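See structure below.
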Amino acid sequence: MFSSADQNRALELLEAIHFFSVKNWSPATSTNYSVRSTQPGKFIISRSGVDKSRFAYEDLILIDGAGQVDPAFAAPGVKSSAETDIHTALYRLYPEVECVLHTHSVAGTVLSMTPERELRFTGLEILKGLEGNATHELTEVLPIVPNSQDMGEILSALDGRLAGAHGFLIKGHGLYTWGKDIASAKRHIETYEFLFECELKLRS
Amino acid sequence: MFSSADQNRALELLEAIHFFSVKNWSPATSTNYSVRSTQPGKFIISRSGVDKSRFAYEDLILIDGAGQVDPAFAAPGVKSSAETDIHTALYRLYPEVECVLHTHSVAGTVLSMTPERELRFTGLEILKGLEGNATHELTEVLPIVPNSQDMGEILSALDGRLAGAHGFLIKGHGLYTWGKDIASAKRHIETYEFLFECELKLRS
Amino acid sequence: MFSSADQNRALELLEAIHFFSVKNWSPATSTNYSVRSTQPGKFIISRSGVDKSRFAYEDLILIDGAGQVDPAFAAPGVKSSAETDIHTALYRLYPEVECVLHTHSVAGTVLSMTPERELRFTGLEILKGLEGNATHELTEVLPIVPNSQDMGEILSALDGRLAGAHGFLIKGHGLYTWGKDIASAKRHIETYEFLFECELKLRS
Amino acid sequence: MFSSADQNRALELLEAIHFFSVKNWSPATSTNYSVRSTQPGKFIISRSGVDKSRFAYEDLILIDGAGQVDPAFAAPGVKSSAETDIHTALYRLYPEVECVLHTHSVAGTVLSMTPERELRFTGLEILKGLEGNATHELTEVLPIVPNSQDMGEILSALDGRLAGAHGFLIKGHGLYTWGKDIASAKRHIETYEFLFECELKLRS
């Protein structure tokens, strides 16, 4: 049902979703994913409540910037992700961003429970995986915000904390990151998940 | 040999069994799985003694509520799981439950050896993976009961301890959980196994 | 080149070898595997020096009880495993044993470095995976012997230490176990590797 | 575009690259790999910036000893790896070496952050996976050098430190190793990564 121009994006997003599932970064029905549609103001997003190990092309739907499901994709039980508002807010904040991804790994969840307000990573080559980083000799800050079932509260908690960040952690919940295209956003996920696994081992 | 109405259930259960095997949650011949048959009072269950990495459609059999193998499935060496009584007891206790699953992971086994009588999980988004939980702001209690080769003893130990629980751990043995359909029960397994891995890392 | 009666055994052994490789229990060219041939006094065994992630049917060869490669399998560079003497000694010791398997996992290697002379496992349901164990309420002893490049030394060190054991660890080197058929021996490998992972986490 | 003599090498290298990706040793666009071409003074190498989980035959290119991309492989955006100079320097240093591999695992990264100037491994059977080692009774030294975005600095830091070594670690960055052919170099990667995982667990 996607336009032929959107089909390629949907398929590339689907491949990333399968990759994350195999890596154990999307247990059960957790996590959600989106990419801008070629139609301005529209987004391709994972629908709510799907087992990510069985996620299929048909589980991607088209929404507008208010999170409304496009009539062509409306069907009984089809809802956009409960966290749609975070995706659309990030697209408004970052016009150059084409893709927003949210994973939910054991390592990210465990690290997010630290009493600190942010994670700081420094001196690791993998930091070059984050857009614009040309060296390992820098400190990357990943903000941690409290979890809430009210997306507005999460967005308020992010206020003023995203400057210079490539993503954020929601406490006990997981990682959001984004990129100028699907490949960049996927690279950010892999980079952060690698950093999380290193950090967990370095702390223990 | 299943009725055509039962074939779909058996195939969906088989897919979940393969998923758990790939995740390393069913070493060797451990673990067992069942789903209600479309025939009232009958159950589709994994037969005893099968290597779960080679488990096949033919290893699912039909039993009645007393654990007797349906004559159509009887063959030399075909027995229902040694833990069949736990499955049938749970179906009697929960008429709305359609599927009972038992995994045996390293993380679950290790945590079950705690001297505490139960595990308590709180504040994690993944808790919403358990049926009826609409928020992370709750405490989920997972009872731990002593292991026994006598299923009656395990069932007695569960007496009065399942109120509000979505599953239980048998000490040194693994996890039981259930759901209103196969998808729900599988989601519960993934949720608990994720919680176990987080908890193990948070404790170390 | 195997007799048709031997082909099934070779293929079943090959499937187990691939399973162990995927589990990360046979890094690089480590580990070796054998099964009795249907010809008395002959054995099907993995040849030496093969990358286990690329191990193929053609890498299984026929040897006699002295470790000599059957002429039909002799070719330049084809040697039986350096540890062939351990396999043939175990077959002499246990006439009822049909299959000998040796894996080399991280968990087994790390645990084998303990200063203790043996590992003891108790109270875990998975112990029933070892032949003849009908309950978790027992203590299973796994001897650890010093490593040597001289198989005679390893065999001497085992003298008098295998009574009641289902396998042994060579220090810094890995696990040997066996069974009445390939399925039993594979179940023993999975049981021990599960025990190793539990034990490592219980110790930390 | 490779000569038919080079195609087999490229395909074997590709298989190793896929193997490392599945093992989680090449997150995102990290890592690089090369093998000598059958044309003297030429090398087949992974091009820069490719997601290693999607690495394809077309991502292998031909370069000369100065790191210049062969005109037949030049296309917009095609660059040799940023670390090409390390590969070509190793080929100059070791005329018998046919293959140079660089992985970037969590375990290697974490261990490389030790304040020590080198890792020492001793007494483990897996050490025989490193070319020329006939026993576990030796000590293998793996130098650690500081990371830099200037390959010349890394090469200078290696000066005089490679005697007797089969590889080296760059701090916070990962492992380089090599071999007389692709199979040997791959075996070295697997050997070191196994050693890293053992060492991490032995230290904790």
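Side notes on the structure shown:
All chains are identified by letter, namely A, B, C and D, in their written order; residue positions are counted from 1 within each chain.
To be clear about the criterion, a residue touches a chain if its C-beta (ideal position, glycine included) is under 8 Å from a C-beta of that chain, and two chains touch if they have at least 3 such contacts.
Nothing here was measured: the structure is a model prediction, and the numbers come from that model.
Of all chains, the one whose Cα centroid sits at the greatest distance from that of chain B is D.
The centroid of the Cα atoms in chain B and the matching centroid in chain C are 32 Å apart. Each chain gets a centre from the mean of its Cα atoms; for chain B and chain D, those two points are 45 Å apart.
Each of the following residues of chain C touches two or more other chains: 204.
With chains as nodes and touching pairs as edges, the resulting graph is a single ring in which every chain has exactly two contacts.
For chain C in complex with chain B, the touching residues are 19, 23, 123-126, 129, 134-137, 183, 186-187, 190-191, 193-194, 197-198, 201-202, 204.
Note for the complex: chain A touches chain B at residues 24, 27-30, 51, 53, 104, 106-107, 109-110, 113, 147, 149, 170-174, 200, 204.
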